[in-house]
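Reviewing the structure listed below.
Naming follows writing order (A, B, C, D, E, F, G and H), and every chain is counted from residue 1.
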Amino acid sequence: MDKVELNELLRQVAEGSISPEAAALQLKTAPIREVGEYAKVDMHRGIRQGVPEVIYGSGKTREHILGIAKTMLENGQKTVLVTRISEETADFVREGLGGTPLDYNALARTAVIGEKPVPTGVGTVVVATGGTSDIPVAEEAAITAEVLGNRVTRLYDVGVSGIHRLLSHMDEIMSARCIVAVAGMEGALPSVIGGLADCPVIAVPTSVGYGASLGGIAALLSMLNSCASGVSVVNIDNGFGAGYMASMINHLK
Amino acid sequence: MDKVELNELLRQVAEGSISPEAAALQLKTAPIREVGEYAKVDMHRGIRQGVPEVIYGSGKTREHILGIAKTMLENGQKTVLVTRISEETADFVREGLGGTPLDYNALARTAVIGEKPVPTGVGTVVVATGGTSDIPVAEEAAITAEVLGNRVTRLYDVGVSGIHRLLSHMDEIMSARCIVAVAGMEGALPSVIGGLADCPVIAVPTSVGYGASLGGIAALLSMLNSCASGVSVVNIDNGFGAGYMASMINHLK
Amino acid sequence: MDKVELNELLRQVAEGSISPEAAALQLKTAPIREVGEYAKVDMHRGIRQGVPEVIYGSGKTREHILGIAKTMLENGQKTVLVTRISEETADFVREGLGGTPLDYNALARTAVIGEKPVPTGVGTVVVATGGTSDIPVAEEAAITAEVLGNRVTRLYDVGVSGIHRLLSHMDEIMSARCIVAVAGMEGALPSVIGGLADCPVIAVPTSVGYGASLGGIAALLSMLNSCASGVSVVNIDNGFGAGYMASMINHLK
Amino acid sequence: MDKVELNELLRQVAEGSISPEAAALQLKTAPIREVGEYAKVDMHRGIRQGVPEVIYGSGKTREHILGIAKTMLENGQKTVLVTRISEETADFVREGLGGTPLDYNALARTAVIGEKPVPTGVGTVVVATGGTSDIPVAEEAAITAEVLGNRVTRLYDVGVSGIHRLLSHMDEIMSARCIVAVAGMEGALPSVIGGLADCPVIAVPTSVGYGASLGGIAALLSMLNSCASGVSVVNIDNGFGAGYMASMINHLK
Amino acid sequence: MDKVELNELLRQVAEGSISPEAAALQLKTAPIREVGEYAKVDMHRGIRQGVPEVIYGSGKTREHILGIAKTMLENGQKTVLVTRISEETADFVREGLGGTPLDYNALARTAVIGEKPVPTGVGTVVVATGGTSDIPVAEEAAITAEVLGNRVTRLYDVGVSGIHRLLSHMDEIMSARCIVAVAGMEGALPSVIGGLADCPVIAVPTSVGYGASLGGIAALLSMLNSCASGVSVVNIDNGFGAGYMASMINHLK
Amino acid sequence: MDKVELNELLRQVAEGSISPEAAALQLKTAPIREVGEYAKVDMHRGIRQGVPEVIYGSGKTREHILGIAKTMLENGQKTVLVTRISEETADFVREGLGGTPLDYNALARTAVIGEKPVPTGVGTVVVATGGTSDIPVAEEAAITAEVLGNRVTRLYDVGVSGIHRLLSHMDEIMSARCIVAVAGMEGALPSVIGGLADCPVIAVPTSVGYGASLGGIAALLSMLNSCASGVSVVNIDNGFGAGYMASMINHLK
Amino acid sequence: MDKVELNELLRQVAEGSISPEAAALQLKTAPIREVGEYAKVDMHRGIRQGVPEVIYGSGKTREHILGIAKTMLENGQKTVLVTRISEETADFVREGLGGTPLDYNALARTAVIGEKPVPTGVGTVVVATGGTSDIPVAEEAAITAEVLGNRVTRLYDVGVSGIHRLLSHMDEIMSARCIVAVAGMEGALPSVIGGLADCPVIAVPTSVGYGASLGGIAALLSMLNSCASGVSVVNIDNGFGAGYMASMINHLK
Amino acid sequence: MDKVELNELLRQVAEGSISPEAAALQLKTAPIREVGEYAKVDMHRGIRQGVPEVIYGSGKTREHILGIAKTMLENGQKTVLVTRISEETADFVREGLGGTPLDYNALARTAVIGEKPVPTGVGTVVVATGGTSDIPVAEEAAITAEVLGNRVTRLYDVGVSGIHRLLSHMDEIMSARCIVAVAGMEGALPSVIGGLADCPVIAVPTSVGYGASLGGIAALLSMLNSCASGVSVVNIDNGFGAGYMASMINHLK
């Protein structure tokens, strides 16, 4: 299904000659391509949802990642983001791809294959962290948002136990269109930011901490119980999910 | 601080004669009013954030709720939403308010005081539930969104164990600007909707269930682990939080 | 006790000259053989239950596994399945067995010793997974079912966040006699399959995921709370248990 | 869609003039009927799956239960099972139904509306409990199985701390086609039965116990970790789910 | 043992004619008095530790509380604090005591028997809460501190989601000798106060909240993981414990 | 089976004409008597194990308790202990039993039917509690031990936060043959007693406490982690289990 | 303090010239010897409690273990048991001890230093396991009991999923004076043994298992909820604790 | 801002020409210095709070630690404490610092950079442990307190299962100004010390233990439920937090 077919289908929906459900299902079903026996790649998601494809690297062999990436690129995808990928695997994939560039970030453990998109989001996404140790998760969020076409401002090490560090950045906070607040330990950052900001806040608990942090559960619970309005939460260490959600919000027009 | 003062302040920021931080703090600090000794009400939030005020009713006496509501109305607030309020308390508050109308919803356990705002949101917020028992939480979300100026479409009892019930509503899902997906028990609804929709999904776990549902923890964990992108989560039974977040997203321009 | 003795015993039960309890106990008690001091192997289980023997490899030394397997083969067992066995141990056992063939599967970490049985099950067992990372557990289930005499259809990477991938396999789902649904993260696959299929569904949570997946607990809770009827659950990552249960169901006549 | 239409549809599938997926979806989608705004009842499930309809009573008002039951009966359903229903609600529903008989069981908290089906299952379903306090959950399972067309044998108070009570019922155990094993506290019954029986065992943990039983979590974990093969588990106190699964297995031919 | 005996004992320690351990044990052991069979009251604790006696009312009958209080007063105690006591029990005790005054606080559920001590603490104890619903626990802390001889400043409803409410009370915070920070839900208040203040902060999680607050566990974990230095934590809702600790710190010279 | 038959059986075992297993099973199997359909009572347990019968009252109707008690008495049992029984039910049972005396203890919620046995244990069982609120559980243990033929010494309110209260009872502790240590909250009592005593200590956690006591889980974990040797643990609030175990130990000769 | 002094002290207690508490404390306090700065070794425990000394090896350096063992031996201890010690450390200690023999058991990870005592216990301690993987914990229990002077019978791999394996050992079970029942996974062994045996049963959960076994928590909970009387529980994998308790019970006269 | 400026600011506050809030904020905001992009160091905390700076080493690269330490020293800090630092990293930092001395403690895993301060605290801080394995955490607390200017007395291996070891140190306990009580396993030490001492007790649970110690959760819960007054708790293994809090208390005048 190419763009012409896509437009024809949408015209039929507009005319009422095909129901929206039927069209949606047609759209969804058509472009699945099986990669070996191990994956079913959805080739039109980029077109449908306006986003580059993403490969969640964890639990996949390097051959699998390469195979999926190749299939994506061969089907017209211009940018592929791989998350949770080691440097060794990234090197293997880069080599296997031939000439297509691959940009590896050791902190975020992400690889960006192909060209970086120009920002298409409406405003700016702020990514803030409580401490220095939360930066890897924050970078996963920031790079995800950038690859998905957003301008990103980073505010790192502005945790609530030194509240003046956060207050000295009120202008970035007040002018953001969406804020990703990343924190481990007590996870209080999103509550304070949520009370200060006027835009949606995506809270990301991290597994930073020890003892009663329970691998990030303490921060997660703290964020779910935030008494600030306009805060929602993603999984522990899920920088990608927060960056994706932030991008989705920042592209609403 | 009235609108004139507000504009003057903002002009100074634009000129650079006052820093954004200082202005923000001034804006935040000024209008706090103490109600008795038990509450500190922030009077300019409506103006600043463009939203009616909300009183979280749980754990407050009926006298406290009435006192806070009165103070808000006297300071110019046109609409006040009270959540988690019993019918008896709502009756008490209605009487105490004199002529101001109060609309009580027994299912959602909400009271809307004053006039209902006209929709100002950009698109439509869809509120969906997995089962019939999730409706009270969903109604809290829907009424919150409506009071905050959003058009709301309700899709109830479309849980994933009868997937055709959900698929027959693909048009509402595809045309939403934000979806609130409410589910108890296995909490799988947001994952399926997240895979079908192209807009942000706010997942609300409910305490519906028994045994290993652990009062909603099972649904909460399920939603946090959603493999669909564009899904974030609020606290168990937190219909208000989801409705508020959805409204914030739906008002982005 | 050979087949002749077995038949004689059963004839006595039918005549009433021996009570069923006494016969059952006689049947159960007789054929236990001690292997070293470390194991008590039940030699007639294959005859009684019509299934090849299984050795759970985890926590046993390679000498133990070899010793138990040898004892089984010497007592007439034709096929022995070893689960959770490393490639090194499998090599050691193969060598120690002399000529008996041993087929190792690195993904499922299983070894099949002896001849593979021909399918004796009534219908087909479908093994489905939510994602690519769930495949090792699914393969343990699939190989177990195959070794126990079942035809197996594999449907991998059909998770609920892309529901069309699952819907495009409705014919396999509708024609299965038993379905093993394997999923990590939010664990929603069994609920959706349970709502589509008309046969028993065995749900297998996997430890795939991170953070709030809690090593598979999130998926486990999700599956236990499934609102679809006809779904039951085994332990996290217990592919063997699911394959065994599916085989038992598929052999009912 | 009546039987004639159904047969026509299936003929087309056999000819290949309609794909199985399309037919399945057609079958599933057509007969949903909305009851008020609160429920979406699936009218052809009885025909498709050969089972009476079930209403999960918990969390529904008595008016809702009556409304759903009426709609089911008006659409040709001959038997309706309501679970988790109080005696008062059952009386209310009985009165509202006019002449249709309703049989209430106070122990199991179930109501059977309409005629009881004759047994259609292949063999016998055994329902066993560890103690006297587990009987309510066991009765929910037994009645569910009976309503779904199964012969049921009850073995109550045969817990593992007095193993001879269980061993004296070896004949019932050995001749069952499926066993539902219900136990609270340490939840060991399914493991012992699973080792004795040659048929599938559905384990049901109950919330019977105190302290470290954690409302049934101890029994649930125990059952999930059963070292007997051929055991799978449903939610705590989920007698209905176990009875339904047992019936499904007992109807396989 | 009266004051004279006490001084004689201490003199012997100073001379070296009795070891400190022996003296301490003698001091501790002597004044235990059995009240009925149900309690062992330590009569010299007031003298030794310089504090009024406290009766933890929960789980004691009203006769027990009265009996213990009477024994204390008869042995020279001038002030007795009863915590977690209902109004009915307080009335019963007041009557039973004859003329000794009893002051009941319905919010904190405390009764102060006898005369209120004059402040003897060095500085001021600040008791702060995140929200209005945390006030009962805070009052238990404040009254405990007052009964133990401390000046107390109350700062209620200064939660972190409206950080300006807290910042407008910087002078009280900076001039405190010890701060009790009481918060439910996300429990972030102690972290922010700990970062602002220069004195010890006692954090009290409350059971205020719902869903993922887990009865105060979320706030408790948050506080234990505080990244502010100088914060320690007491049990959920343990206002008494925090007030006692604060008093102990405030009396250090 | 009476004593004569029993002796004959044992003689055969001694001669080798019957295997010990067979005799044991015969002994165990014979005397089960079904009471209604709801219970299977084991009539020779008293003879075999030398102990009165016990009925766990929780979750049984008063008719069931009466029925089981009657059957026991009719079969020669002289003493029956009922635990977890309300005063109303005890009155009902007393009336139903005709002349047999029933002694109800409101604190322990136990009923002793029939004659109290004379002490047959070798030494003394000490039952100690940390606080006053732990007494009901301790009384269940003490009465159980007394009914089973033991002399019991009670040491109540000797918790570790006032260690001198415990040390002043060293003689009772040193001369006990078995100690039951009952404590809620931090559950430290068994560790201290275990370090002081030279006999087995049975630790009983209680659900006394609030907040992070988690209904007794904190005390349970504390006791399981005791660094004193010679301490083992029973379920939360399981006074009966501890008293039974203590009696078993105290009757060893 | 030697035996003569010990006897003199006890004579004074008998005369009443010294209180039992004072004597006990004197007895306990005297023989503590500090080893370096890192340990306080109690030298008379062997005399007082009639048992060899034990060193818990985990978390101690090999130098510490050697130092403590040497001090013990120099003070007259004839046998020292070290638990949780690696083979390397055991070799180091053996060398450092000079001529004193050290017997290392690789399975149990124990070292016995000095001479093995002759059995002094009254009867036999049975140590049973559910499976082969539980043997290391069982061996720690068995060796502990042997070192403390008990005859031990081992019954390994007699788990409840093959109940006939256990029943064929009824004579060992019926003739034990104390039974240690070791099991992982569902942890049901102690319940079944507790119902069969007439002596105290010490239950030891092991961390054997995966997924929902939660590192032994499932087995622990199962054992705590055992409905058999006469069962108490020690910590997960605590073979030493169970062996010690069993020895204490077996030495009661 | 130097001391002169600081004094001028405080004079203005005293005059009323600047509000305390504004001054506090000015004080807090001014001296933040960004180190690279990864940290925001607060340069005046030493002056404001009278304490040396601390770097939490965990989760920071050695370059980061060196960078932050250098910035601190360059801005006039005389002593810097680094916690949770490996010996390799400490060597790297020592080298990078040039001549400034760095004292590494392998047990506590701390590095003290620069000169050690003379004791300025009012009294003595006692640091006690239950066992030998708790010493690393205790040393972190002790060194922290020493670096912050306190005299520290160490009481190691005085756990409650040998209560006489603790009682023989009553003089240190009675003369302390603040006690840090460190314990793993059952965590009972703070309760016993809290009952003996008249000063604040800071309880530190450690992760020492296995099985049901749950990585220190058991000790943590035990301490939170302490029935001794004057005990508060910090995170598991948080020796630094306890030492800091103790120092703060010991410096109150």
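A few comments on the model shown:
Here is the rule we use: a residue touches a chain if its C-beta (ideal position, glycine included) is under 8 Å from a C-beta of that chain, and two chains touch if they have at least 3 such contacts.
Fair warning: this is a prediction, and the values are worked out from it, not measured in the lab.
Chain centre most remote from that of chain D: H (centre = mean of CA atoms). Chain G is reached from chain F by a rotation of 180°, derived from superposing Cα atoms (nearest 5). Residues touching across the chain F-chain H interface largely coincide between the two copies, over half of the numbers being common to both.
With centres computed as the average of Cα coordinates, no chain lies farther from chain F than A. The distance from the centre of chain D to the centre of chain E, with each centre set as the mean of the Cα atoms, comes to 54 Å. Taking each chain's centre as the mean of its C-alpha atoms, chain D lies 38 Å from chain F. Inter-chain spacing, taken between the CA centroids of chain E and chain H, is 25 Å. One inter-chain figure worth recording: chain C and chain F are separated by 43 Å, centre to centre, where each centre is the mean of the chain's CA atoms. Residue positions 25, 28, 131, 162-163, 167-168, 196, 211-213, 217, 220, 224-225, 229, 235-236 of chain A each touch two or more of the other chains.
Contacting chain pairs in the structure are A-B, A-C, A-E, A-H, B-C, B-D, B-E, C-D, C-G, D-F, D-G, E-F, E-H, F-G, F-H, G-H. Against chain B, in their complex, chain E makes its touches with residues 131-133, 135, 154, 156-158, 162-165, 167-168, 208, 210-213. Contact residues on chain A toward chain E in their complex (touch as defined above): 130-131, 159-163, 167, 184-188, 191-192, 194-196, 209, 211-214, 217-219, 221-229. Residues of chain G that touch chain F in their complex: 19-21, 24-25, 28, 48-49, 54, 122, 167-171, 174, 177, 196, 198-200, 202, 220, 224-225, 229-236, 241-242, 244-245, 248-249, 252-253. Touching chain A in their complex are the following residues of chain H: 25, 28-29, 32, 37-40, 42, 58-60, 64, 205, 207, 215-217, 220, 235-238.
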